[in-house]
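Right, I'll just put the structure down here and ask away after.
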Amino acid sequence: MRDAVLKTDLHGSFSGGAEQQVDMEQLRKSLKKEQRQIRIRKFTKNKASVFGLIVVCLMIVLAVGAPLICRYDPLELDTVNRLKGCSAEHWFGTDTMGRDVFARVLYGARISLTVGFSVGISAGVLGMIMGLYASTNKIADNILMRICDGLKAIPSTLLAITMMTVLKADIKNVIISLIVVNVPSMARIARSQAIVVKEQTYMEAMRGLGASRSRMLWKHMAPNILSPVIVQVTFVFASSIITEAALSFLGAGVPAPAPSWGNILNEGKGVIYSAWWMVLFPGIFTVLTVLGLNLLGDGVRDFLDPMSS
Amino acid sequence: MKKFILKRVLSVIPVLIVVSVVIFLLVHLVPGDPAAAMLGDMASAEDIAALRAKMGLDRPLIEQYFVWIINMFRGDFGTSVANGEPVLSVVVSHLMPTVSLALYALLIAALIAIPLGMAAAQKKGTAIDHAVTVFSLAGVSLPSFLLGLFLMLLFSVRLRLFPVSGYTEMSEGLGQHLRSITLPAIALGFMNAALMMRMTRASMLEVLSSDYIKMARAKGVKEKWILGKHAFKNALVTVITVFGQSIVHALAGAAVVESLFAIPGLGQLMVNSIGRRDYYVIQAIVMLIAVFNVLINMLIDILYGVVDPRVRIR
Amino acid sequence: MVKRKALGIMAAGIMAAVLLVGCGGSSQSTSGGTEAGTVSEDGSYKETLRIAVTQQSPSLDLHKNSTLIARQMCDGTVWEKLVTLNGNAEAVPELCESYELSEDGKTLTFVLRKGVKFHDGSEMTAEDVVASMNRWIESFSSAKDMVGDARFAKVDDSTVQITTDKSLLLLPAMIAGAAQPASITTAACCENEDDNGFMKEYIGTGPYKFVEWKQDQYIKLERFDDYVPYGTEGAEDDGWASYKTAPTRYLQFDIVPDQATETAGMEAGQYDCAFNISSDDYPRLEANPELNVYRSQMGSVALVFNHKQGIASNQYFRTAVNAAIDCDEIMTACFGDGYELGSCYMDAGQAFWNTDAGSELYNQKDPEKAKEILKEGGYNGETFTILAATLNGMDNMAVALQSELQAVGINVELTIVDWATLIDYRNDPSLFDMYITSFAEVPVPSLKLYFGKDYPGWSDDEKLAQLFGEMTAATEMDDAKAKWEELQAYSWDYLPIICPGHYLGIFAWDKDLEGVNMYSGGPKFWNAAVRE
Amino acid sequence: MKEKILEVDGLCTQFRTERGLLKAIDGVTFDVYRGEMLGIVGESGCGKSVTSQSILRLYDEKRLVKYSGEIRFEGKNLFELPMKQMRQIRGEKISMVFQDALSSLNPVFTVGNQIVESLRIHRKLSRKEAEEKAVEMLDMVGIPDPRRRFYQYPFELSGGMRQRVMIAVALACSPRLLIADEPTTALDVTIQAQIMDLIVDMNRRMDMGVMLITHDLAVVAETCSRVIVMYLGQIVEEGSVDDIFDNPAHPYTRGLIEAVPKMDGDRSRRLHQIDGTVPLLSQIPSGCRFAPRCPYASERCRKEMPELKTISATQKVRCHCVTEEQGKEA
């Protein structure tokens, strides 16, 4: 008997057996739903991510609702009451021109979030387009990746400052500069992911079936490289807020009188000994928002990647 | 390995070409020019125009570009508009503070981050781990200029432990030198420390859950050795990568910290040079940093080889 | 004014103290009879004076570079001129024994002082002076405009002269105190220029010689042991005219671009003196018992209209803007408390030229009137673009202006750029309707560039040009002053610029630091020292 | 009967998870005798590996697992030993060989180094002596040119060589018990045979007990003297190799054996398969754990957990049907 048994793998022969006919469509749907529930549960279980989400939502609410919340116009000058400390009248004090810091910080959230969001999304989309095409076309790949390498070799702050000096200082150009700074790494991520996806068997199969190139790219590859790109987008969102603040701090960001956090910090830096509130409050808002976004990014990563624990 | 290195070296060339074109165009597209900056704010238009012609700024851009590139190959990086020094010597004189600051920052960061990151990985879920997580999040969310301001207020003005600003050269004593760059180094290193901590923890976690660690345990190796020898050497590859990236980060981040603490480094030189439209200096710094960046990446690859035989031998 | 007097008395006291110490320790061995040397060899003074400055100049070549900080550091210490300014902003001899303006005002003759040593050891000759003065004229367009094609020439070994067809009445003051003063260097140094045309070596005649410049870090000056002081030993400083003793061995100017850092360094005792303190730190520093804080007018702000094209080329519009603005608010926005109102284009330091002509049109704060003028003039919502730079918070003035002008119904747009960009943009009349700049103190009104039709802003007005010409052509100071009053009065009407006020420079120094000369344009250190 | 070297008595291993404790091993009892080869078989997820790693206490006891029961080795209960002594037993008295040699050998150390490490820890040999001994070990496990191999890194060796190295590491200190956890799964067929031959050879030469954990019944049939069949953390059948292969009592055992294709079998006949898959640990059925998949399951099977009962001198089985039949026969 013993000799009659051949070496083989038991694994294979134990599987399967589900013979009954199931409505495949329904099964797929319920599976998807279940998966989504698992992901949401996973996300909500991570308290840090939930905290991040709450902070970010709160910032958005504050930014959108700024006109309703603030009693002062963030641009309204009142030089008589300059550099007044925190009071019932001015919760966060007033700045060097007597403007209400609370209003400026809240309106500043609009600018920071706009910059961060626009940069994140645009860099994500551009990076994805570049990454996808680079992964399929060797010449495009060489050119695009050389340019990306070149741009990446220049430290981002320095590149952004230089670009801001070239372009007229306004919020649109801050966004453009930051996109240019962030696209290379985004494209890199998208490209490496796209290459992995491209080599997978189902892509071979699609090619075999004669799918057109753009259909392959957008219908089949794009969704598969989306997760790492989305995760990266949240981090770019966060880092753009910091870079914008740093640019304004160096005097190369969104120009006065716009109440960007970086501008308030920059003005506050000069009077930090006498008007700590001008540094503290925008500082806290910046740190909180960035923190929230980073936490959210971690949560999104877990949410999108079912493999991660 | 030799072929690999050669390939790496060749791949540097297009990168540098891109960098040179990008920075040259950017710099020359910037409104305003060095001539006006050199003559001061009360200078007249004719004086400025005359100086422009003298400096060759009225020639076509392409010509200026090639003149610059060719001169660079001859070792001539041009003349700085500030006090007419050769660019090379200006850059070299600003190099030391930045290198010193960046290395010091990274040293502090590495000394804190790597052991803590390892400890956090080993004691996952404990207080240390949570502390490390919080720290690394704070690190990536706290811009260096804010941290710098707070450090300055606390340690220099209130406690008077460190000088507020300024830079003491190493030649005037190592102690004084370190004292003058400690606060900026902390401000600069904080974010890097956070990144390193995060990466060390993650890669240690991965290594610790690997089979060879289980095998080492089954062999009866002490926990201490497992962590310090078996796991660390494997995690080192990641750590080296982060360290390399941090050097580049530190160089880039130095601009803000340097101008805050009045440290005459490359970052400050760059910011100042943009202000005075010191074309050649801006171009030289960017090229230098790009070359450095590329070299660091190459060095990381070679270090990989030293640490990881899989890379070395293949 | 009161402050300056107090300072003068203080300075006198210090000088006396310096002398006493000097007598006590007269066993000095340095040659050249520099009594000042005695004082410092005594060892009771700190060897190095550390002065924090927030800016750095591209060059210390004052012939070509007009940056204030270069003058603050080197004018009077490294460089000396044929004449310098006394307390009344009059040109008085420095490197010359005497000077003389001919009756018709068209010939200016200088008799040189003998035995003046350059830092390279050579003795000053008429050739050196001629070379320096002519290089200065070539480099400084205001001087060139005044003298035309005429140049200095050597008369004999100790006399130089210049002859023109115009009045040279104001030339001595320009030599002494222009933004680009006529520093005397060797003939060789005048030739020895770098690629960009700046002097390679800084060889002056002053009590301090240039030693080292670490870019963005510090500039170091060392006492010049062969310096020969002039004037009366122990005499009180009169303006910049001073018996210079150089009691401190080294003057080190530390470049600290960040004001907060600078102030903190001053408080921590790292620096002996600090320039350009933020006005918001002023009260805190003033309350500090270890520090002296001093404020003085450093110059005036100019809101320059574009007269060539756009809405501001209309007289009614400029008048309306001038009627609308609240100068207090504009100045506060940028300088905090660090300003003084005043309709005079010249600063307090030039007492001779001060006048309130035209002051009734200054700081009207009358939005209703402005609206009226706009309505009459037919203003129809055209965009009014204000160009301002981020340098020194000047963009804040633009912000304040914007809010005031919007209140009277003007459609204001801001263009905020960095300083170098502004310098470029202002040459293009299509880019702005007004730009904001500031003028450091000048000794004579003829240096107010904005009266010229080529200066960006292009105030091309016959009457303005005529009055300006008459002022510069005057051969007597009183005539010039009278013309100046007329010019300023007309100017407030025509409005080449609006001068909203004067900004103050705030300087702080250690109570132990003595002998600082505060005449004009910031502290000068040729007699300064910290007693140990 | 030979002496017992290891007695496992009522071993339970529970994992702490977010949903509470999960029992991966539930009351496993067996002995290992000196010089014997004991096969432990079962599908993936049956708790074979957990059993072996529990013996060496390789799981993190502070956070991850909770052990109960007893494991007696050389008269000591391993669960009561302090970690320091436990470490002395690991690698010296009880060694382990893992499934994937590539991932189990540290990629950044030479193979020689990894053998030397064992020797240095336990035998306190000098570096030189340890190196000599390591080369000897490499030679013993059939690695040609051992001196050169000594300085090579794991990735430079072939799969079979690596597995030999791992065996050399495990045997360096001449352990009394070798636990081989799927030692041949990752290898191709001819190499599998060589490695198994090596293990059998070492088992005879060193007179040590070997616990061979595998899902490959053929290997067990060829090499082992006794077999334990595990299902869902429990032993379902235990017996001599003849008992198990010639007279399998438990339906699960029978299913396993029938699923193996036979040389003399009818090729047109479909291979037998056991319906369904191994349930998750969190979904353990309340009665007989195999009941949901068992073609013979009765009401009782679904409600009542059967005991492991002795049915002959060498054979034990956990099944209501078998014991009932025996009862009838008796």
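Per-chain residue numbering starts at 1, and chain names A, B, C and D are given in the order in which the chains are listed.
We take it that a residue touches a chain if its C-beta (ideal position, glycine included) is under 8 Å from a C-beta of that chain, and two chains touch if they have at least 3 such contacts.
Note that this is a predicted model, so its numbers are computed, not measured.
Among the remaining chains, those touching subunit A and also subunit D are B. Think of the whole protein's Cα atoms as having one middle point; the chain whose own Cα middle lies nearest to it is B. Spacing of subunit A relative to subunit C, judged by their CA centroids, is 50 angstrom. If you average the Cα atoms of subunit C and of subunit D, the two centres end up 91 Å apart.
Averaged C-alpha coordinates put the centre of subunit B at 40 Å from the centre of subunit C. In subunit B, the residues that reach two or more other chains under the touch definition are 30-31, 149, 157, 259, 274.
In subunit D, no position touches at least two other chains. For subunit A, the set of residues that touch two or more other chains comprises 165, 269, 272-273. Every residue of subunit A that touches subunit C in the complex is listed here, in rising order: 75-77, 79, 82-83, 96-97, 165, 168-169, 251-252, 255-257, 269-275.
Of all residues in subunit D, those touching subunit B in their complex are 53, 56, 58, 63, 87-92, 95-96, 98, 100, 103-109, 117-118, 121-122, 153, 155-156, 166, 169.
The touching residues of subunit B, when paired with subunit D in their complex, are 124-125, 210-212, 214-222, 230, 233-234, 307-310, 313.
Residues 258-260, 263-264, 278, 280-281, 283-284, 328-329, 332-333, 336, 390, 393, 395-396, 398-400, 402-403, 414-418, 421 of subunit C are the ones that touch subunit A when the two sit in their complex.
In the complex of the two chains, the subunit B residues touching subunit A come out as 14-19, 22-23, 26-27, 29-31, 133, 137-138, 140-143, 145-146, 149, 153, 157, 248, 251-253, 255-256, 259, 267, 270-271, 274, 282, 285-286, 289-290, 293-294.
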